[in-house]
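Quick heads-up: structures coming right below.
In the two assemblies presented below, subunit A is common to both, partnered first by subunit B and then by subunit C.
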Partner chain A sequence: MVDMSQTVALLAPEIVLFVASMLVAVLGLSRSTGIRSLVPWVCVAALVGSILALDAVWTPERIQGARLLFPMLGKYGKALIALIGIGLVAVSAGSIDRRYEEAVARGRASFDALRVVRGEYYAFLLLSLTGAMLVMSAPDLIWLFLGLELVSLPTYIMVAVARTGRRSMEAAMKYFFLGALATAVTLYGFAMLYGATGTMQLIAMRDVLAEQAAGPGLSTTALLGTILTVLGLCFKLAAVPMHFYAPDVYEGAPLPVTAFLSFTPKIAGFSALITVLGAVGWSGHAMVDHDGVRIAYEGLPQPVTAVLWMVAALTMVLGNIGGILQTSLKRTLAYSSIANSGYMLVGVIVGPKGGIGAMYLFMLGYGVMTIATFGVLAALERKGEEVDSFESLAGLRAAHPGLAFLLTVSALSLLGVPPLFGALAKIVLVFVAFEGGQASLAAVLLLNTAIGAVYYLRFVGAAVVNPQNAKSQEVVAIPHWWPKTAAIVAGLGLIVLPAFLSRLVDASATTVDGYVDLGEAVASETER
Partner chain B sequence: MNGWNLSSDLAAYLPVLMVCVMAIVFAAINIVASLLLGPKAEGAVKGMSYESGMDPIGTTHKRFNVRFYILAMTFLLFDIEIIFLYPWALAFTKLEPGSAEAGLFLARIGVFVGTSVIAYVYAWKKGVFRFD
Partner chain C sequence: MNLIWASILIPVVTAAVIAVANARAARSLAAVGSLASLGALAAFAWQFPAWSTGAVHPEPCGCAWLSSINATLGVGFDSVSLMLALLEAFLIPICVIGSWTAISERQREYYGWFMLLHASILLAFAARDVLLFYVGYEFTLVPLLFIIAIWGGPERRQAAHKLFLYTFLGSLFFLGSILFVGWQHHASTGLWSWDMGTLSTFASARLPANTQYWLFAALLAGFAVKVPLFPVHTWLPLAHNQAPTAGSVILAGTLLKLGTYGIFRLALPMAPEGGAALAVLASVLCTVAVVYAALICWVQTDAKKLVAYSSVSHLGICMLGLFALNPVGAQGSVLYMINHGLSTGALFLLIGMAYERYHVKDMDQIGGLAKRMPVWAFFMVFFTMSSIGLPGLNGFVGEYLCLFGAYIATGDASTGYPGLLGPGFALVAGTGLILGAMYMLLLVGRYVFGPLREPRDDAHAKHGHDGAHAHDGGHDGGHGDLTGREVGLLVPLALVCLFIGVYPKPMLQAIGPVVERTLAPYPAAVERTLKSQPQAAEAVQADSKEDDRG
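Moving on, here comes the complex of A and B:
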């Protein structure tokens, strides 16, 4: 209550997006084609505005009042969300409502507000991005939970609304019910954490857990709560054991929504994960052996590390092996998204000493690669349908050399070929894992990069090496410049960003600035 | 493994367990008792939808225009939004007039009502209230 105005001011980026989403919902129903075509521009303007607002409001005094566990997380993270959000808007702009708008333009259909989904789609997109931003400035578990829900609820509708077809309906239903299940698991974990510590405030929770860690060790309830929360959040990350939905939902959803799903819930999930794990702490834990001797160890409490280790390793392996077996582009990219979550989990396990920074650096690379890959696919169509098989991509080099080049760049970057940005981000992650004492995970990561080569190179092979066939000759570029521009900018980004690597590493390392780990909290406790 | 005090942690949940057991036993007793003691009168009249009311006319599987459902949902939405105003109004009267806290409360409900108005404009433009 004390610093309410400061807290509200801190939320300026979210407020900008929220107001824009209201505006967009109404503008999208306008009778004038000109106003309707303004909608993506309004979204881009709002996202740029939120970056500017973020820069203006994120001052040290305000953050003090907000009492955040990771006070500087929002500065980097929210800018990243808004930046990739602009790309996601651009990927969507060509395909949402295109058939219907063309019919209206040719006079074959009259305007019918019930059939237009443009306003709703972009409003939900902005609301979901707002939720992802809110997760990053959560001072307590309730805020965190509401932020996560605001990320997910619009995406359930986006899967169904942008394309009417049985497959997207099926995908939406699956996504919704499994999402509800995962949310329940997360909430159960939150409830147990509350039960173990008696507080919802994350900073207070860290202090209580620090006392427990300095004394008899964390209570069983706290450990169980942490593990349940991690498992529930795995749904948002599309990580094992909650990854089963991803291929089906990604395939059934319209292409721009697939791009959205592979980034937004992931960054929100990872931010929520490190926020909760931040209260549990990456240091200050100890084991007590049979003779009552305390053996202190670095890292998360051992049961939590064990669970996260298994989740990360299985996610990498199952994601990459699943990717090899696919023929659909979207299913392949779904498995790629699963595997990338596994890579990023390595950073989470290593923790604030480099790991989280490396994870957010990788997240930047992953977001740019997502925009590049999906931008290329969204710029193409075959007989008025999305391009969704390697067969249709064959000989892309002959028909669309620019798009073939961009697809090659993004696939090689996803695979990890230096000097592309994806590779450098992955190398930083491996390096950090070695330094943080997770050599085994680093080895699993490197091994999986090799496995992933099988399906990432199929993109390259289809686009550059294979000759055109009857199916791929029917592939044409869509008459919209938005997705193509997004792909060009993102593709060039993958080539240019390595030049700024050291600055980006520093920037992503600021996410943990001001975070007090459990070990340090224990130390200050004993000093008092 | 010192500090893993499972028994004392779970002892706190004993009342919950007791309530669960009581609920199951109570339900079971009632079902069994009504099976054993209840009077049984089967027949066509007993099986009617409104046993002691009016005789039903026609089939229940009648189709309604889908617009009724949309309108009903919209009504529910705004109805519930109005309900939120009551607790706000009760709390607002307890605040000191003109204080910063009162201003904050007013701003909050202003945002809430504002979004409701936008939702109304959206529903109107979407054609929810059109019946032609």
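Moving on, here comes the complex of A and C:
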């Protein structure tokens, strides 16, 4: 009998965030400027609180009771979400509602609770992060689906809410309809998986599928369901073939939302992906019966591997080539985000033997780089608008040497120059790809790193090398310290984190602790 | 160990200090930092115990940095890498002090990047852990990118871009290869190690011949870009020509040597079967580079471009010596690496000094400068002689040994080191030397001697106010001879060149044991390759006979 209260206790981090999101929704409507400016602080406090809560409630007994497929995934994963979440809040603070707040402060506009969006924005931000955390502790497909929806629904609104412009609306509509389509595909996949196994519980599903695999082989319905799920989740990852929306939506959305979109749905999507794949394949298909151990296959079913391989390779190649062709900063970063999803998919294909750990390590690096890059861009503006062209960044070093340095560091880290953290995380990925027998994907990854160099160098060139022009002289720093601080912390993190690489590799490897291990299964069987 | 890290970290600290210090103090700080780094390395070299044994000192440490795969911060030198590191540490103060008047804009950044470049090159030469080597090797690109792109000539951005993308792509081949070898080592022994010695022993002994073939091909592809070898050399003349003087000096002096060093240190010892199988192909590319680049030099009118292409030609000879696969050639090759760094570096320095005065490099517009600058002309002739290999100067010894090594690299096993090249390669590459003498003398004849041609003042003024590039230093208007500072930079270089030329024995003795260790697996590997070739030839003959019968 599963003790309900224990399961609920395990959700303490999510509960903290949920309560905080209700709180900021109210605080943001306050007539007092002081209280309204407290909102980002409340968000940061809630995220810190959720990390503390995570540490407190995550005990072995509770995890046992929760019957999770990847019982330890949440510990590292939720902490990562909260940590990067703090950075994403900082990138947003200062941009959201700034014009309106300034107008109110100068007395040009009176405060109108209907026009202020700050509260809603942060409430949705926290709700989406809550969803991403929920995905990581999903014991069944329904929970998984609801978690994924909780990630996405707030982001549809965030794209539209934070800026009143045509492009923002267009982006929101596009994002919403394509997102709904992708959700339908995922749901169809889930339904087929249910049809093939007769259960929603992931652990039970794994056992049924293992029996099928050891006997007559996986049913076509199960395979088709898995592939549809993968394709539907590609939308969250911004991976081929569901990547088309990314450049348009990233460009149309306000800058802090773009930063949010390039991280939160991605980590939720990857977590959902490995949760489903963990039930369908990898070591899940070790059957222990009276003859001893029988393995239908190692890793994933062949068709699923083939699909993932194609998705990963195409995502890397199309992402990087697309990146070369862009002139807009945000579109370039959108393609960069696509390409990075491709790199991380390599880790997913390799699986629990190092691959998933390497993927989450890379995710950490990617999150930090996202904060550093978007933090710098969010700290700048030109004529009251976001900076969105390489031209406007030209000669940034002359006016803002610190920001130019941080942008250079994060671009070089994305590019893959050692000893910056991004490069080392990528090397770990290449390494596990070799180890997992995916040498060809490792080669594709390395070649793509070289292609990506072309557009990452543009950031460096614009910020440090090129002289100022008429356009870039109008670029000024915004009068808020939040984004700048986020960029400084993240940028220095990219330089300092390599010193702790060993510990971070170990920490990210804990994500698969407790997942069925073939060796352990055999050992426990022989003991019996 | 501590002295090695001191020599690497002093420049890093200097760079950090420069970043926050007063802009005017930057150049002095850089000079002090680079001299201190040289001092630390010289102190290490002074007490270095392994000059004559070929061993690595100090022993690889157990200081794991990434414990799960046992990647370490192991540094250490054998005599070859120590010589190259000393060359680097010796050239850097010259570059820094040589830039004092040439660089007037953004001085803090310039000297800061230069210090970081220095640190990463030293790290690459000092590293005993292949991943650490990769870090140093790859990071050199970043400072170099900035040095060329910000302070270079009119096409600097294109040059920097090309340099970065070419070498970055190349080094990914190299990264892929070493990760592969490390993984293979773990798969067959169950242990992780990234120590160069361990991996080389493992790979050469345990990997099958076919794997070694592809491993060598990948490593060669990676390092060939940096060397650069014939088809992938196109980035170098552009980068050299557009780089500021000090950038060209360090590029020719030690950065290209990272490529040759990589082949010597990693590719050859790791994959002897591959090395033996691909030696002929690589040597053909080298020989083509020697002759082809020499012919290009011949038609150059731009002095700096001429020297840039001569680098391609010279490094072809250097690599040919390496692929002779016998100790004579390899010794010559290592010596050539150092000599080329000295003499070509000095030539770039001299051309830079003339450019600072006239802002013109085109020999159609400028020439006969001996009449204006006799001291400059003396050094120019001296280093030209060193570069074309006049006996008695440094260039001769290395060049001769490289060619001789290739000459004797025949299938004859009586020397103990059968080879795959033979007199043909030596003779063709030898024509490169003759061409080399011709184009270098052409340079001297037009640029240094001959009728005096100076750019007209208006042209000079126009170039002077071109503004975009940072070469327009403080020397405007002064067409005088070299200053004391400049002479002070050239004299140490000239003395070292003279010393190596007259008395190369101690260096050759120091290089010898290392070379023998590196080439130890080669006689057997070459024998196997030689055996397989005639068989193939016989098989073809047999086939054709059968065809005839049919």
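Some observations on this one:
Here, the second predicted complex is superposed on the first by the 500 of 528 C-alpha atoms of A that agree within 3 Å, B and C clash if a C-alpha of one lies under 4 Å from a C-alpha of the other, contacts with A are read in each partner's own complex, and residues count from 1 in each chain.
As a working rule, a contact is a pair of C-beta atoms (placed from the backbone, for glycine too) under 8 Å apart; a residue touches a chain by one contact, two chains touch by 3 or more.
These numbers were taken from a predicted model, which means no experiment stands behind them.
Shared-chain residue A:Ala66: touches no atom of subunit B or subunit C. In the superposition on chain A, A:Val476 makes contact with neither subunit B nor subunit C. Once the two complexes are laid over each other on the shared chain, residue contacts for A:Ala109 go to neither subunit B nor subunit C. One of subunit B and subunit C touches more residues of subunit A, and that partner is C. Within the superposed three-chain model, A:Ala25 lies in touch with subunit B and out of touch with subunit C [touch as defined at top].
In the overlay built on the shared chain, the residue A:Ile203 is in contact with neither subunit B nor subunit C.
Once chain A of one complex is fitted onto chain A of the other, the partner contacts of A:Pro216 are limited to subunit B, with no touch recorded for subunit C.
Of the two partner chains placed by superposition, only subunit C is touched by A:Ile427; subunit B is not. By the touch criterion stated above, A:Leu153 is placed in contact with neither subunit B nor subunit C. Common to the subunit B and subunit C contact sets on subunit A is no residue at all.
The residues of subunit A lying in touch with subunit B in their complex are 1, 4-5, 22, 25-26, 29-30, 112-114, 119, 195, 212, 215-221, 288, 292.
Note for the complex: subunit A touches subunit C at residues 412, 417-419, 423, 427, 430-431, 434-435, 439, 442-443, 446-447, 449-450, 453-454, 457, 460-461, 464-465, 501-502, 505-506, 509. Residues 1-6, 9, 12, 101, 104, 115, 118, 121-122, 125-127 of subunit B touch subunit A in their complex. The touching residues of subunit C, when paired with subunit A in their complex, are 64-69, 131, 134-135, 138-139, 141-142, 145-146, 149-150, 157, 160-161, 164-165, 168-169, 172-173, 175-176, 179-180, 182-183, 186.
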